[in-house]
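For reference, the structure I am asking about is given below.
Chain lettering (A, B, C and D) follows the sequence in which the chains are written, and residue indices restart at 1 in each chain.
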Amino acid sequence: MTMAIPSTPTKDAVIAEEPSALSRVWRMLLADKFALCAAVFLIFVVLMAIIGPTLLTDLATKQNLRGRNLAPFMFDREWFMWLGADALGRPLLPRIIVATQNTIMVAAGAVVISAVIGTLLGLIAGFASERVSQVIMRLADVIMSFPSLLVAVIVLYILGSSIMNLMLVLSITRIPVYLRTTRAEVLEIKSRMFVQAAQVMGASSKRILFRHILLVVFPTLTTLATLDFAYVMLAESALSFLGIGIQPPEITWGLMISQGRQYLTNAWWLSFWPGLAIILTTLSLNLLSNWLRIALDPVQRWRLEMKGPKHG
Amino acid sequence: MKTSQLLGALLGSVLALGTGIAPVQAATTDIKIVLPEEADLLEPCMATRSNIGRVIMENVSETLTELDVRGKEGVMPRLAEKWEQTGDGAWRFHLRQGVKFSDGKAFGAKDVKYSFDRIFSDKNICESRRYFGGMKFDVKVVDDNTIDFKVDPVQPILPLLLSLVTIVPEGTPLEFVREPIGTGPYKLTNWTPGQQIVLNARDDYWGKKPAVTKATYLFRSDPAVRAAMVQAGEADLAPSISQVEATNEKTDFSYLDSETVYLRIDGNIAPLNDVRVRKALNLAIDRQAFIGTLVPQDAVLATALVPPTTLGWNPDVKVFPFDPEQAKKLLEEAKAAGVPVDTPITVVARTANFPNVTEIMEAVQAQLQDVGFKIDLKFVEVAEHEVYYSKPFKDGRGPTIVAAMHDNSKGDPSFTMFFKYDSKGTQSGYADPKVDNLIARASAATGDERAKLWSQLFAYVHDDLVADALLFHMVGYSRVSERLDFKPSIATNGMLQLSEIGFKK
Amino acid sequence: MLSFIRKRAFASLISLIGLLVMVFFLSRLTGDPASLFLPVEASAEMKAEFRALHGLDQPLLVQFGQYVGNVLTGDLGESLRKARPALDVVLEAFTWTLWLAVITMTLVTVCAIVVGSLAAFRTGGFFDRFSSMVSLIGASVPDFWLAIVAIVVFAIQLSWLPTSGTGSLSHWILPICVLFVRPFGIIVQVVRGSMISALSSAYVKTARAKGVKAGPIIFIHALRNAMLPVITVIGDQAASLLNGAVVIETIFGFPGVGKLMIDSILQRDFNVVLAAILVTAFAIFLMNLVIDLAYALLDPRIRY
Amino acid sequence: MADHLLEVRNLSVDFYTGTGTVHAVRDISYHLDRGETLAILGESGSGKSVSSSAIMNLIDMPPGKIASGEILLNGKDLFKMSSEARREVNGRRIAMIFQDPLSHLNPVYTVGWQMREALKTHGISSAQAQSEALRLFKRVALPEPEKALDKYPHEFSGGQRQRVMIAMALALKPDLLIADEPTTALDVTVQAEVLALLKELQRETGMGVLIITHDLGVVSEVADRVVVMEKGQLVESGTVREVYHNPQHAYTKKLIAAAPGKGEMHEPHATGDAILSVKDARKFYGGFEALKGVSFDLKAGETVAVVGESGSGKSTLARILLRLEEADGGTAKWKGKDLFTMSPSDLFKLRRDLQMVFQDPTQSLNPRMTVYQLISEAWVIHPEILPKAKWRERAAELLDQVGLSPEHMGRYPHQFSGGQRQRIAIARALALEPKLIVCDEAVSALDVSVQAQVIKLLDKLRRDMGIAFIFIAHDLPLVRDFADYVMVMQKGEVVEFGTVAQVFDNPQKPYTQALLAASLDPDPDVQAANRNARLTHRPENRSRFSKSTMRI
C-alpha cells in the first residue's frame, strides 16, 4: 500500500502526545525556515502598521524642499534618511512605515469583508436548492465580469474616496473567489460521511452548515485569504497607481510607487523602496499561505511536525 | 459580419506586425512627433482642444486670421488677406484667392459662411461655439472673396476670435468628421487609432512650402517615455516632457506655456468670504520656494490669471510676499471679528492635472496649516473636479478651494475674466458689481482703452478683492531632436505648426 | 454535449444581461459626460445641447429601452468622443489585447508546465527550490512596478528595446515579458502541486513497475492527469488578461481594451464601456467553454 | 542456492523522517522458486509491501534507503544493476499487480493504450503490441476484448479491471509476478475468480508468484509457503499448512485466532414484539430499482446481518431506514409509527433511538472536532438527554465503555488508529442511548485482529444494553459469530433469510451457496475442500458474474 513512508509507525500503541497549540505552531514554523522568516516579517509589518503612524507621522510628513529626492544610503545622516527622501524632501523610511497602516488596513479590510460575504453566500449556494444556487452563481458571474476599475470609479465617485470605500471596492471584486471556493467545497463535503453522521444524529441544516462544513472549509479559506491578501495588496496598489485608489495626502505603498514614477530615471529610490515593501510582504504572504496549506491539514501536518527539532 | 470584422482586424494587426519590424529610416524631411494624448477626433471645429489642435490646427485646417505668438504683431492674416470694421460695428473680411482645399475644391466666402453655420448647427457640439456665447451672428457673403460679419453685440476683437474658427469646405457633414479636409499645408493621409496619425505635405498649398514633408504623430502618456523616445531616435519632437526629464541643454527647451495654476476660492462661504482670510491665505504660501523645485525654474509667479503676453497685463500688480507672521495676524484679526477661521477648508485638486500636482498641493497644504488654517486636501478625478469647479455649486457646501489650471494663449483677457470672475461666470466664486462692470466695459472697448480697463480689473481682483490665490504661470519643456530647428512657443500647448519646423543643415 | 453548450450559453446570457443592466445604470450615476467633453467654460446651454444630441436628457429607463432595442439590432451605439461606432472602437482595441493575451498565455503555459513538472519530479531538489522561489517572487511582484523598472532598465538605460507603443515586433517584448511574470509564478506553483500528487499516484507506480522511462512518466502519464486544476487556473489568468491588463497597457501605451476601458470610464464614454464589457465578457464565455471542452478532452471520465 | 528465482537476503529498508529513522523492514530474508507461490502475510504497518517495492525499485530515495541486504533475481543482485537495467527488468522479468486496480490504472488513457505501452516500452512493435494486447485480453477472459481495448478504466467493473492489470502484468511473460493485495477490494465471488485465474496462469507460464496479503483466507487459497511479518520483522515462515496448524510465534497465533467464522453461532433468544418492522421497502434511482420490496422484522436486542455483494442494495436499505434517503415505497414501522413518512419533529425524536456506525471512521468523524466535541454533539442536538454539567463525565464513561482512555477526550480523530476511531464512532452513537444501531460495513476497513476486537465490543454492548443491530457486511464469516439472523441480498432482493445456523449450515438458495463457497477459509485444508466444492458451482457462477458487471 503506502510505500513512500510507512504510515505512522506508532499506530496502535500509543496515541501521539499532544503539545499545546502554540508550541505546536511554533514547532511547525521552525520546520519551514522560509515560513518562519515570512511570519516574523509579517509580524513586524503588522506591528509597524499599528504603531508606525503614531510614532512617525510627524517625521513622515515633514517637508523639506531643499532636501528633495535625497539619495539613499547616506549613513552619516539621521537614520530616517537612510532610504533617501521623496520629492518634497520627506524621508522615505518613515513614510513607508506610516503607509503600512493604510496598505495593510485596506487589504485586511477587503479580505475580511469579501471572505465573510463570499463564504456565507458560498455556504448558501452549496446547501440551498438548485434555484437559489443558480441565482447566486449568476450573481458571482456578473461580479466577476464587472470591470473592477469601473466598480472603483463608481463607488469612489458616488461615495467619495476613502479607505473604507476602497476596502469596499476591493472586497466586492473578490467576493466571487470565496463564493466559488466555498460552494465547491460544500458540494464535496456535503456528501462526506461525517455530514451524514450528523444528520443521523438529528443535526439541523444550520448546525451542519456552520458547525461541520464551515469547520472543514475554514482552513482552505484561511489559506485562500492569506493568498488573497497578497492579491488585494497588489490590486490596491495598482488602483492607487492609476490614480483611482487612495488619494494623497493619505499614503499607501502603491501610491508611493505611483508618485515616484516620474523620478524613476533620476531618483529610482522613490519607487523602488515601496515596491520592495510590497514584494516582501506579498512574498511573505505567499510563503505563509503555502505553509498554512500544510499546517492546517491534519493529514499533511506531520510533514512539518516531524521536521521539528528533536521531537519524541 | 462582426466575426469578419474581428478577423479583418486580426489580419490587419498581423500585417502590421510583419511590416513594422524594422523602422526604415525614411526621408530626412520626415519627422515623428510624440504627443501625450491621442486625438479621439480630428474634427476641425474642435481644433481649439489641444489634443486635436496640435495635429490639425493650421496644419490641416486653417483659420481666417492668426495670432502672432512669437512677435508683437497681434492678429495676422491667414486665409483672410485683410479686414476692416465698417461703420455699424460690422466687420468685412477680404479672403485670399487661389486657395484650394485638399480635396481639390476652391476656397471661397461660401465655405466661410458654411463653416460658421456648421459650428452653430444642432447636429454637433462644436467646441468653438463657446467663444461666441451670447452673440448673434449675421454672416453675409458679399462675393466669392468677401464676407461680412455683423455681430450683436458689437465685437471689437472679432478678428482675434476668427483665429479660432477653422474653415471647412461647404458640404462637410454637420456631424463630427474623423477625416478633416482643409486648406492647410498638410493633409491627413493615415490615422490608425491607438497608434499613429500621419500628415503629408500638400503640393498645391497656397503658401510657402514647409520644410517638413511628412509628420507622424505618436502617442505616449508617460513623459519619461516621450523624452526617452527622442533621445533614442524613435521620435524627433516631444512637445511636452516633464521638467525632471529636461536635462539636456542641446535638445530640451522651456517655454511659457500659457497655463496658469491657481487656487480658485469660493468667496461666498465663511470664512473665505472675509478678505483678511483670503489675504492671509495668499501671504501664507511660499511661492518662491516652489520655483526650481516642484515647479520649473523658468516658471513665473502669477499676478493675473492670464500670462504676461496678454493685452492689459498689469506690471504694477505685485506678487504677495511670503509673510507667515502677517498671515497669522490677519487670521487673528478675522477671528476677533467673529469670522469662523477654524472651519476646516476643503482644498480640491485634480489627479494629474499638472506636473507635480500632488506634491505641490501637499506642500501648499503644509504651508497653510503652518499659519493656522485647517485644510482638508482632497484629490479627485476629472469628473468630480468639474463638479467642484463649475457652477452650479452644491448647496450646503463648506468652504472650498479648488486648485485648477487655466489656459489662455489667445492674447486677450476676455477669454478668461468673464468666466472666472463675473457674477455670471461658470467658475466664478464672486458676485462683485465692480468686477462685473469692469468686465462689461473692457469687453466692449477697443485699443488702449481696452488695455487700460483690463489692467484696472487685474489690479482690483488681485489687490482689493483678493479673489484667489494665483500661483504660477507654468513652463512647458520640449525635447527637440538635434536635427530639427524649432523653438516652442506659448502656443505650443494647443497648436504645433509644422511649417515652423525647419532642419539644421 | 450540445445541450451542455446551450445550458452554458443560457446561463452566460443571463449573467450578461445582469451585467449590462448594472453597468448601464451604475455608470450613469458617475457624472455627466457633457461637462467632461466640453471645456469648463462651456455654457449650460451647450451642455444641454450635448446631452440632447446624445439622448442623455431622456429618463434613464427610456435611454435603457433604446439601448436594448439598438443592441438587439446589433448596434452598440456611437462613442461619445470619437464619433465612431463603439463596437468598432472596441474590436480594434480588443484585437490588440487578444494577441497580447494569446501570446503571453501560450508562453506562460508552456514554460510553467515544463518548469512545474520538472520541479515536481525532484521535489526538494535544487531545481525545485530554485523554481519555487522564482515563481513565488514572480507571483508577488506588482506588475506595474516591474513594468516601469523594465522600461528604465531595458529601454532607457540599455536602449535595447523600445520604451512603449506598438509598431514592430520588438515593441511586444517588454509588455509580454512583464505580463508573463505573475501568471507564470502562479501557474508554476499549481502545476508543481498538481504534478506532485499525480506523480505520487498509484498509476505512476504501475507505470514504473511496467518499466516506463522517466520522460513518458512525467509528461505522458502524470501531466495529463495533473492538467485539470492547471487549466482552471490558466483560464482564470487568461480571463484577467482578456479583460485587459489595464495598468500594463497604460504604461506601455498599448492600445488594448484595458486602456480603452479605463479611458472610457474616466471620460464617461458609456457606449464604449458597455461595448467593451460585452465583447470581453463574450470572449471570456467562449474561453470558458473551450476550457470545459478541454476538461472533457483531457479526462474521459468527464462527459457533458 | 543460486537456483532460487528470487532471493531476498537480510534486507533492511529505512525511511528518514524528522523524528529519526524508521526501520520499515529489518533484516528480512526469503526466497521464491519458479512455479511457486509465496505469500507475505501481515497487517497494516507491518512493512509487508516494502520488500516488494524494493524489488521493483519503487522506493523513493530519499527519504527511503536500502540499509543492508541484497535482492537476487536468478542469482543477480538487483541493487548492483544500473537504474536503466532495473527499468528493463521491471515489466519484462518482474511484473506487479496491485490492490485497487482503479487507481493503479491511468484514468485518462484507454486500457488498450496502457497495454500497448507495457509492450512497446520493452521493444515490441506497435502492430505486434496491438495483436498481443488483444490476445491477452482474450486470455484473461474479458468480455468483448476488441471493444475493451478502447475503453477507459472507469468503464470496467472491479474484477474486470484486475483482469486488465493481470493481462498487462503478464504481457511480457515475466518470471516473477508480485501481487500486492490483489483482491482486497473485490467481492468474494470475484475474488475467488481472480485468484483462480492467477493460479491458472501460473500453471501455464511457470512463473513465481509473490502475493502480499493481510487475509489468511487468500494465503490458504493460493500460497505454497508463507512468511508472516510484524512491525518490519519477519516473525515466521514455512509452508502454509505448517504455519496454520502449528504457529510458533505469538503474533501468528494471534492472527489465526482472530480470523472470524469459528466461534459459536448465536441462537435467537429475543422475545416480544418487533421494534422495527419493514414491509416491502422500495427505492428507485431514476429507472433503476435498487430495492425491490424488502421486508423483515427486528426485535429488541436482536441482530440482523444483511449480507450481499456490491450492488445488492444492502447499503441503500440502511440509508432509507435512517432517512438519509427517502424510500419510494413500503413501510417501516418503528414502535408502530412509519418512519418513512414520519413528520420532521417525530423524526427528530426518532434520531435518538436509531443510530448508525459507518464503514470508514476516518470519514465519518469530522476531522476538525475533538473526541469530546464529537461525542457531546449528540447532547447539543438533543439537550433533553443530559444537562450540560454532566457531559464531560458521561463522555468519559462512554469512552471507557468502548475501551478508550477518557484522557484522550481533547484529541482529534487523526491521532487515533483505525480501530480506535471506530470505537469513537461507536461511543458517539451510544451517546444518544439508541435502541437500534445500524452498522454499515462497520469493521470492513479494519485489520483482522482489530476487527475481532470491535466485534467483541459490539457483542458486549448488545448483551449489556440490549441494543438491536442491523449489521451490514459483504463478508459471511464475519457475520457468523455475531448475528442472530442473516438476510442475504442480491440485486435489491432478499434471496434468503434465516437464523445464522440455518443460513450457514443449510443454505437453500444457490446464490447463498455460492457466496459461502467463495468465501475463503483460513484453514488450508478446509479451503481445499471448499475449492473442490466450488468447482461444481462454476458455470452458474460465471453467468452471475457477467450480469453483475453489467450493472456496476
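Operating definition for what follows: a contact is a pair of C-beta atoms (placed from the backbone, for glycine too) under 8 Å apart; a residue touches a chain by one contact, two chains touch by 3 or more.
Listed by chain with UniProt protein names: B = Peptide ABC transporter substrate-binding protein; C = ABC transporter permease; D = ABC transporter ATP-binding protein.
Note that this is a predicted model, so its numbers are computed, not measured.
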_B-C against A-B, pair bridged by the larger set of C-beta contacts_ = B-C
*How many angstrom lie between the CA centroids of chain B and chain C (ABC transporter permease), rounded to a whole number?*
38
*Between chain C (ABC transporter permease) and chain D, what's the gap in Å when you average each chain's C-alpha atoms?*
49
*asked:* Counting only Cα atoms for the centres, state how far chain B is from chain D in Å.
replied: 86
*Check each residue of chain A and list the ones that touch at least two other chains.*
3-4, 153, 157, 261, 264-265
*Could you say which residues in chain C (ABC transporter permease) touch two or more other chains, in rising order?*
30-31, 151, 156, 205, 250, 266
*Sequence positions of chain D contacting 2 or more other chains*: 58
_Run through the chains and report each pair that touches._
A-B, A-C, A-D, B-C, C-D
*Using the touch rule from the top, collect the residues of chain D that touch chain A in their complex.*
15, 17-19, 22, 24, 44-45, 47, 49-50, 53, 58-60, 63-64, 99, 180-181, 322, 324, 347-348, 351-352, 354-356, 358-360, 363-369, 377-378, 380-382, 408, 410-412, 414-417, 419-420, 425, 428, 432, 450
*Would you tell me which residues of chain C (ABC transporter permease) are touching chain B in their complex?*
30-32, 35-46, 49-50, 52-53, 74, 79, 81-84, 87-89, 91-96, 98-99, 151, 155-156, 159, 162-172, 250-251, 253, 255, 266, 268
*Enumerate the contact residues on chain D facing chain C (ABC transporter permease) in the complex.*
56-58, 87-92, 95-96, 98, 100, 103-110, 117-118, 121-122, 152, 154, 165, 168
*Which residues, counting only chain B, touch chain A once they are in their complex?*
222-224, 228, 242, 244-245, 247, 289-290, 293-294, 351-352, 355-356, 358-359, 361-363, 365-366, 377-381, 383-384
_In the complex, chain A residues that touch chain C (ABC transporter permease)_ = 3-4, 134, 137-139, 141-142, 145-147, 149-150, 153-154, 157-158, 230, 234, 237-238, 241-242, 254, 257, 261, 264-265, 268, 271-272, 275, 278-279, 282-283, 285-287, 290
